[in-house]
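In what follows, chain A forms one complex with chain B and a second complex with chain C.
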Partner chain A sequence: MKFPVHTSPYGGLPNNVTRVMGEVLLALVPGIIALVYYFGWGVLINIVIAVITALAAEAGILRLRKRPVKPSLTDLSATVTAVLLAIALPPLLPWWMTILGVLFAIVMVKHLYGGLGYNPFNPAMAAYVLLLVSFPVAMTQWLPPQMLNEHPLTFTQTLAAIFGGGLPHDLTWDAITSATPLDAMREQLKMNKTISEIAQNPMWGDFGARGWEWVGNWFLLGGLFLLWRRIITWHIPFAMIAGLLLSSGLFWLFDAESMPFPGFHLFSGGMILGAFFIATDPVTASTTPKGRLIYGFLIGVTVFIIRSWGGYPDAVAFAVLLMNMAAPTIDYYTQPRVFGFRGKDNA
Partner chain B sequence: MSTSNREIISNGLWNNNQALVALLGLCPLLAVSNTLINGLGLGLATTLVLISSNATISFIRNWVRQEVRLPVFVLVIASFVTAVELAMNAWFHDLHKILGIFIPLIVTNCTIVGRAEAFASRNPVPQSMLDGLSMGMGFTLVLMTLGGLREFIGQGTILAGAHLMFGEAARSLSFSMGADYHGLILAILPPGAFFGLGLLIALKHVIDKRNAQRADKPAQAPTAEPAAAEG
Partner chain C sequence: MITHKPGSWDFHGGIHRPDKKSVSAGKFLGKVPLPEILVLPLQQHIGAMAEAIVEVGERVLKGQTIARVSEYIGAPIHAPTSGTVVCIEERPVPHPSGLSAPCIVLQTDGKDEWGELPEPLPYFDDMDPSLLRERIRWAGIVGLGGAAFPTSVKVNHGPDRPIQTLVINGAECEPYITCDDLLMREQADRVVEGIKVLLYVVDADECLIGIEDNKPEAIAAMREAVAESGLKDVQVVQVPTRYPMGGEKQLIKVLTGKEVPSHGIPSEIGVICVNVATAAAVTDAVMAGRPLLSRLVTVTGEGVNNPGNLEVPFGVFMSDVIAQAGGYSERAYKLILGGPMMGFSLGDDELPVTKGSNCLLVASRAEAPDPDKAMPCIRCGKCMDACPAQLLPQQLYWYAKARDFDKTQEYNLFDCIECGCCSWVCPSHIPLVQYYRFAKTETWAMEKEKRQAEDARRRHEARVERLERLERERKARLRQKKEALEKKTAAGGANPRKAAVEAAMKRVAEKKARQAQAEKNTEESS
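Here is the complex of A and B:
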């Protein structure tokens, strides 16, 4: 009897795209459940629309490029892109905007640059930015979280709102939607209110905005799962959060009445999701250990800068895209020393 | 070194299209191609400058010494641009206001000095004028296509502002999808210009490839038959 002989290393699971993407999807589940609980069925419907569109677009473009369709379609990478985009979208976004965003992500951002592994920009975030820049009104109509929502929509009402744009008779868009916490904070700071005045509003919870803070926590749980499974390394999330906390903490120490508490920054908007799931995208992020720390830190700082002085309330997508552009340069200057060689002088 | 008129025209409009192949003059191309009429306006102004500068430079080509040719070209081009700008300010004042700085900037359009150096300084006047016309029209067509696409996708109109170019009677030429149309505003913004130009270049490559394949097929067919017989 002959046993198969493998070469070292012996430990570890086979690392293939399908497994990595599958575990990323699995890690997203708690956060998605939390999103559905707080913001209603719309989140789930968006995900379904996005995934179906992504798979169709992926199959179509692979046929056009004369590449084998099946392996790329089943490696779940298009699914992950679609899910990441869908959970960043407002729950009642009209269906065709979701489809447009996914088509842009898969066709323009992913495949026109050469497909999986070649795209310099994160497809989900590029699509998010496309939609945010193009449809600013629709993209900022978020629902209030479940405990503050006086008019929760049923499943069929949500379906009608997404596909027909129609709402039940007694409701208007203004009545059921509300600004996101970051948006509200920004608007009220613009009106020269102090943080302690703003904090009176029932939308703020224990350490962030109500509802949102728990969504953040559940995504954090998923992120820790990814760390434990070694799908991602600690560098990018750690550096990104550190960058945000350090920069926002510094300004908060100087002026606590007009600069929000660092914890608020961390648990609102897409920060946790971004730190663990989006910035860590293996294709578009920096790949050297030192480079990852720089890359993550700069994203965190950029997020704070854009949130505080930029034109948009949230900034994770913009920050990630900006640093995507910087990643090759960062990698170039942070090559680790090859074992057996000294530093550059003696090489 | 003489080129047939047919070749000059096809080079200008397609084979050596200054925007799609040479990728020259991208600054105005990307900046003012947000509507079809803007594109047409700037394209025509550029064409006018190209024809006149090519003609003049070709006319004086035997008197200008090699060492000082570029400053002379620039002087000639700048004079024509100033003339065209003043003319536009007089007769298309509103359009002139919209295009603003990009009309004087035609001076720096690489297409014009490029054609002066590459063509007009080596060819007789009639050919140079034809070259200016066809290069200018090629540039204008790309500007109009890009402008039309961006305008339609971004704000759901075509030929908006036609009255700026053709007078009040042309106001009815404008077509609009109506107020309900959600424009993809990105198309109007600068990134939209880059996406649009990239897609147009890709489209040109696809068409060229198709044409090349079609041209190859009749040539290959006879050689393929004996091989099949042997097998």
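Here is the complex of A and C:
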């Protein structure tokens, strides 16, 4: 009898890229629901715009590069990029900015470097930074969380706002938007207010900014799910949070009146999302165990530095991109000890 | 020195996958009847190929040596039964590349008549270990766990490497395979006898028998046999079920806490590791004077009707073995020699069972689907987390693909044990091990070429130098002669003979010059 041959191992392989990306998307769901709850329909509309754009761009590029389209679309990697970017955007960002960002992420950052697996920079974060630098005003106009929002928009009103239909008659942009908590903290510190004065503002909650802290918690839940499913390892999130807490804690101990409490850093802005979903992007992160610790830690410290003294209120995107550049070098110098080699530690 | 808390260490990585042992575990289907023709490849082991020492047409008896080796690393081959040598020629052999190789083809005569055997050595512990090593070598014993490395070489560790621990490998970590399990369950005494001999031969302080905890019957049987034997410092250690626990380096690490050095062998750290079936074969050779003629083979998978284990004489075609296990079911899709992690698929079943054939896995399409198209590496690091050699498979893959074989060496390609864990976990379904095998082969080829080029260069340089030296010597001789001559001339004043010759030459030259002048003059005047 004759048989077909191929090389070992034999058997249905347990992992595949679609499953990995699919579980990442699943893990994002609780956080997204929280975002929609606190900040309205805009979040969801942004996601839809971004995903459609990403899939179209991916298909177009693959056709141009004469690569098979179907396997790459179904691997869900473009979808993950789109969703990650979309949830980092202000809920009422004009539709074309979202599209521009996604196109930049997929076409320039991902495919011009060779496509999935070859891009040195995290596409979602690169696109976020591009938008932030190009449209600083639009990119920092957030909505206040639902409990502080006096003029919540309905679904159709949100749709109209995003697609250029303007706002309902009685409202102005200034009336409905507010700065992000990180921005607010920054501005007020600049005005030489002390932390205890700033903390009087109703925007602050139990351990971070109201609304934001709960979004953070739900993303944390998703992150733990990824850990449990072994999609990510503990190294990067742990080290990144440790880096942020250590550096911010150190300064807070010395000067609690002009340096915010470390918990504020953790639960305001994109820290949790960044630690579990963005910095862990395998393609652009460090891959060795020790390297992951260093990589994560440095991101955490960089976030703190940029937030405290840099030109932008939130810093996760910048910090991640910076460390993306360092990842190959970190990997090179942190190769694990190979079995049977003595003299080095047993990591 | 005795290992404290053997089995309390761990190795990095590895994988869990359904072990599928129950398909064939504990089932013995008997001995495969002798077919009319046996095909015995001359290379059934690692090392030098054996040379046939029988002639075509010669009658041979069971147990007779029909091929021997002169090199140190190698193993002889014996006739599994009596019969006639019909030819010695290239036949297809079980090899990943589907190669043909020299084989002795034996027509069996059905008499199964034994030839003369060496005497049993029940009092082996009065003998010189080197004689026992000789016996093991004569018996053609090789590692029966699949690697087929000559056992006589393994147990010859040399006086400068004292052995502390004899590790007996009963882990059998590959899914599906149960032949070692069966052997331990049913013939634990035979294994323990072999351990006794081996302990004496390598002069080890202790023996640790590692068995995965998915084989409780085997563990119990072995414990009982050890207890009955009265052997001290022999311990059955239950180890966790995790692939590749049965890898030599991994099992040694888990049992003793010691790591075999990179590029090294276990005896360097005072350990020798032998498979359970190999130990049983040693018993036969020493206690009964019988060479290795057959082995237990697991026949399993959804593609056979009656999976189980069979005693198979070497040289029997796999098709016959599978027929004995109830034949193919309609789900048979692939034939894999060895386990699903490290085995290789065969295109054909008309191939002989050899010393290294531990398992015939007839897989259904569900058990061994065709490989998917590989996606790009997403650098997720899952391969690294699974690699028991603690390598960076993603980097190795990257450089192997780019054919940068210096870099693959830098990333310790040759510490890769080809266990397949990385390929198994890779979400992009990249056939990583295939790339490493390719890179290894290429590196060997390149090194061979380099060596040859180096040899050629050296030969060339040597030749040039020899010629130059000869030339120098010739010149030196000439100079000496000349100097001697000059000295003589100087010493004896004018040499009369030389002077005469010179005078004559001068006269001739003058004459020629005059003639030329005369001719010139005539020409000018005319």
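Basically, the second predicted complex is superposed on the first by the 328 of 347 C-alpha atoms of A that agree within 3 Å, B and C clash if a C-alpha of one lies under 4 Å from a C-alpha of the other, contacts with A are read in each partner's own complex, and residues count from 1 in each chain.
Operating definition for what follows: contacts are C-beta pairs under 8 Å (C-beta built on N, C-alpha and C of every residue); 3 or more make two chains touch, one makes a residue touch a chain.
A quick note: this is a predicted structure, and the numbers were derived from the prediction, not measured.
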Contacts of A:M108 with chain B and chain C, given as first, second, both or neither: first
Touching partner for A:K2 - first (chain B), second (chain C), both, neither: second
Touching partner for A:M191 - first (chain B), second (chain C), both, neither: neither
Chain B versus chain C as contact partner of A:Q335, first or second or both or neither: second
Partner chain(s) touched by A:F135 [first = chain B, second = chain C, both, neither]: first
When both partners are placed on the shared chain, which of chain B and chain C touches more of chain A: C
Complex contact set, residues of chain B against chain A: 182-187, 189, 195
Chain B contact footprint on chain A (complex, rising order): 97, 100, 108, 130, 133-136, 138
Interface residues, chain C side, partner chain A - complex: 11-12, 17, 96, 98, 175, 249, 253, 259-264, 319, 328, 332-336, 340-349, 361, 363, 366-373, 375-382, 384-385, 388-392, 394-395, 411-412, 415, 420, 423-429, 431, 433-434, 437
In the complex with chain C, residue positions of chain A that touch it: 1-17, 19-20, 71, 75, 77, 115-118, 233, 282-283, 285, 287-288, 331, 335-342
